[in-house]
Amino acid sequence: MNKLILSTAALALSAGFAVAQDVVRMGTEGAYPPYNFINDNGEVDGFERELGDELCTRAELTCEWVTNDWDSIIPNLTSGNYDTIIAGMSITEERDEVIDFTEAYFPPDPSVYVAMAEDVDVAGGVVAAQTGTIQASHVASTGATLVEFATPDETVAAVRNGEVDAVLADKAFLEPIANEDADLMIIGDDVMLGSGIGIGLRESDAELKATFDTAIQSMKADGSLNTLIEKWFEGMTGPY
Amino acid sequence: MSCWESFQAYALRSLGLGERLLPKADITVCEQVVLIGSGLIWNVYFAAIALLLGFFFATALAMAKNAQNPWLRKPAEWFIFVFRGSPLFIQFFLAYEAFVLLPKAGIEFSLLGIEFGASTRWLTRAWLGATIVLFLNTSAYAAEIFYGALRSIPKGDLEAADAYGLTGLHRFRRIVWPTMLRLAWPAYTNEAIFLFHATTLVFFSGFPAWKQMGDALYYANYFADKTFNPFVPYPIVAGFFVLMTLVIISLFGMINKRLNRHLPKQKRRKIALRLNLIR
Amino acid sequence: MFAHCADPSTLEGFAWLACYLTNGKHMLFYGSFGTVLLLLAITAPVSLAFGFAGAVASRSHIPPVAWIGKLYTSIVRGVPDIVFFLFFVIALDQGIEWLRHQAICPDWTEPVRQGNDFVVCPEAKMPLSTAPQSIHEIYNFTLAVFTFAIVFGAFAANVLYGAMNAVPRPQLETAHAYGMNDRQTFWRILVPQMWVYALPGLGNLWMILIKATPLLFLLGVQDIVYWARELGGSKTAIYAYPHPDWRLYYFLFLLVFYLAFTRVSEVVLERITRKLSHGQATAAGEAMRREA
């Protein structure tokens, strides 16, 4: 009897919600300007917000934005709490083993060191990075002492208060900070890590990956991606 | 890498010994168990130091709260209220921010000599800064427990002490303190367990990990991040903590036995394993 | 909020601050205090129910039921709550979706686990991916309440178990002598009397529950700590209200909030204790009888 009720209820459910697969939940961190951040109205904003909305329009998808802690952003994707990661995530081999990436929508972003003085020894000193980033792995493999913080904000704060000598992070993130603060400066050459930034997807979602790839290609072809990059990243020329 | 090899490489990694780079690819369960176990050294260190020092400070605080003199009583009451009334998570954060500001805060720090200037820098390190926060926190909780025990020392015991002419420190050391400990011990055991659990918050809020030397939860977090699978490392941490909780219970049980050794067998209070205190 | 807030870069001093503190993000911050209070209000009775069930199970005369009760309380209490929070919610979420998947789409042939991916049919998603964001937030909130209730239910079970044993045996024996059966004795004598013994422990537990709420952000709920961090972090010119690192002030505000909340709870608990002690066969009850 119980079983019968259950299965009829299930039938009613599946009949009632003929689920349209065209709602895509976009996962982002919301703490990494100008890529993505929560603006003063409490909404997701930034380069990736605008890019994502444009991609969804082109692919005729309805998109919904969700924020998630950086630490658990991949497990929550694989367990299906959202369908994409669009959070300034560099395409690396390690990540590629677990999730899939679309083609890059942003060139390999150079990382830079920011410090309070020109003569800081970034290869032997104390360097801060955000936990779980490619920069953290990079610092761990150099001779420097790695200090890890949970958020990008704290890494910069640690340089300001002298706790660490330098911070390694994406250039696009550090550049405006260094420009606005007279005490901070970019030192040394750009460090190239990763192979560009792409949208992360579940490996089982080949169809969605193809859809986004097509949309990205079309944005590259008509130059709108370049325009968008130039709008959000001051002094950068569109690479595509 | 065989299990034994990963043990050699990572058993003391949390102290900075052994292999410098953490495992990156093809992570085995063995490596996870060894590294997380290695991180447990820090949890034990934080808990042991904070409890040991906190025990004495808590006794003093409890006496102060029990005192007639408001100049002693009021500060003790406020101290206990602030540390018991706010989440440890926020205490860690605020303490870290305060420690970071310290060297800049005053000239007197640099005037007092190099040793002192250097020592304020260490406050931002987990081994000192977090231990201080945990020490203050456990002192407040234990003080409240001890205070409750002080209030419930049987009147007859104190009258007997007076009748024998015991006064001052002597009366405290021989009568008040042992009785207080005996009454407070079951609750204090719970406090010890919860302090041990609370050590997992150190690297989770506020204090950064240096050279990838962290506690058990830090490494579990690292593995969850690298393997993208939270279902292996976190249960390993949980298992370690269940084991350590049993160790604490048996250690404190032994002390409880000693505290009650003068009582006839049937009157001995069995230590009630009621864990009803966390922060 | 106010009309003159349209262009914050022209404002200064107090006007800037007034606009800053009333922008959309701050409204979400203030709202999150409501979220935390709501969570406490729902979690407390739910964990009490869990605790009651756990205590009754531990007292059971049927060995397997007693084992389950004891295992629940001792395992959950042996693990730091933070570790539990980190993986339990994902496990719970996947468990629910798997059950729905089994019930709703029995014809689905693809495996649920594909490598690292956890894939159920779209109809079994919980909530459905077409549902608006607010439903997702309510669902996350419900999961958080459930997780908190499991952890704190284990502690409550322990307190209630102790309280049931603390009720003087002669009370129960008298009930039996009057011809009450086990069930009647339990509900009419044991349960009404145990509360006074349980109250100190439960009060303690309530304080602990309050202080565990900063971990809510681990469970995917945007709570006061999440917003304090988000708002306090230093803001470059890309934001409408740029400012340096103000997290210290936000966290000090949270500290004040928690201290005030603790104080209020203490006062209320004291009143309840007095009320419950009235007419009880305990020292406190006796003292009140003499006073009257």
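Going by the order they are written in, the chains are A, B and C; count residues from 1 in each one.
Note that contacts are C-beta pairs under 8 Å (C-beta built on N, C-alpha and C of every residue); 3 or more make two chains touch, one makes a residue touch a chain.
Because the structure is a prediction, the values reported are computed rather than measured.
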(message) If each step moves to a chain the current one touches, what is the fewest number of steps from chain B to chain C?
(response) 1
(message) Just to be sure I understand: the centre of a chain is the mean of its C-alpha atoms, right? Then which chain's centre is nearest the mean of all of them?
(response) C
(message) Using only Cα atoms to place each chain's centre, name the chain farthest from chain C.
(response) A
(message) For the interfaces A-B and A-C, which has the higher count of C-beta pairs in contact?
(response) A-C
(request) Would you kindly tell me how far, in whole Å, the mean C-alpha position of chain C lies from that of chain B? (result) 24
(request) State, to the nearest whole Å, the distance from the C-alpha centre of chain A to the C-alpha centre of chain B. (result) 38
(message) Nearest whole angstrom, what separates the Cα centre of chain A from the Cα centre of chain C?
(response) 32
(request) Specify, in ascending order, the residues of chain B that touch 2 or more different other chains. (result) 204, 221, 224, 228-230
(message) Two or more other chains touching the same residue: where does that happen in chain C?
(response) 90, 116, 247
(request) List, in ascending order, every residue of chain A touching at least 2 other chains. (result) 72, 75, 78, 98-99
(message) So in the complex, the part of chain B that touches chain A is made up of which residues?
(response) 21-22, 24-25, 100-101, 103-104, 124, 204, 208-212, 221-222, 224-226, 228-230
(request) Write out the stretch or stretches of chain C touching chain B in their complex. (result) 75, 77-84, 86-87, 90-91, 116, 155, 158-159, 162, 201, 204-205, 207-208, 210-215, 225, 247-248, 251-252, 254-255, 258-259, 262-263
(request) Mind listing the chain B positions that touch chain C in their complex? (result) 81-82, 84-90, 93-94, 97, 197-198, 200-201, 204, 217, 220-221, 224, 228-231, 234-235, 237-238, 241-242, 245-246, 272, 274-279
(message) For the complex, give me every residue of chain A touching chain C.
(response) 6-7, 10, 13-14, 17, 19-21, 23-25, 30-31, 33-34, 37-43, 46, 64, 66-69, 72, 75-76, 78-81, 83, 98-99, 151, 153, 156-157, 160, 176-177, 180, 202-204
(request) Provide the residue numbers of chain A that touch chain B in the complex, in ascending order. (result) 71-72, 74-75, 78, 94, 98-99, 128, 131-132, 137, 140-141, 145-150, 154, 158, 161-163
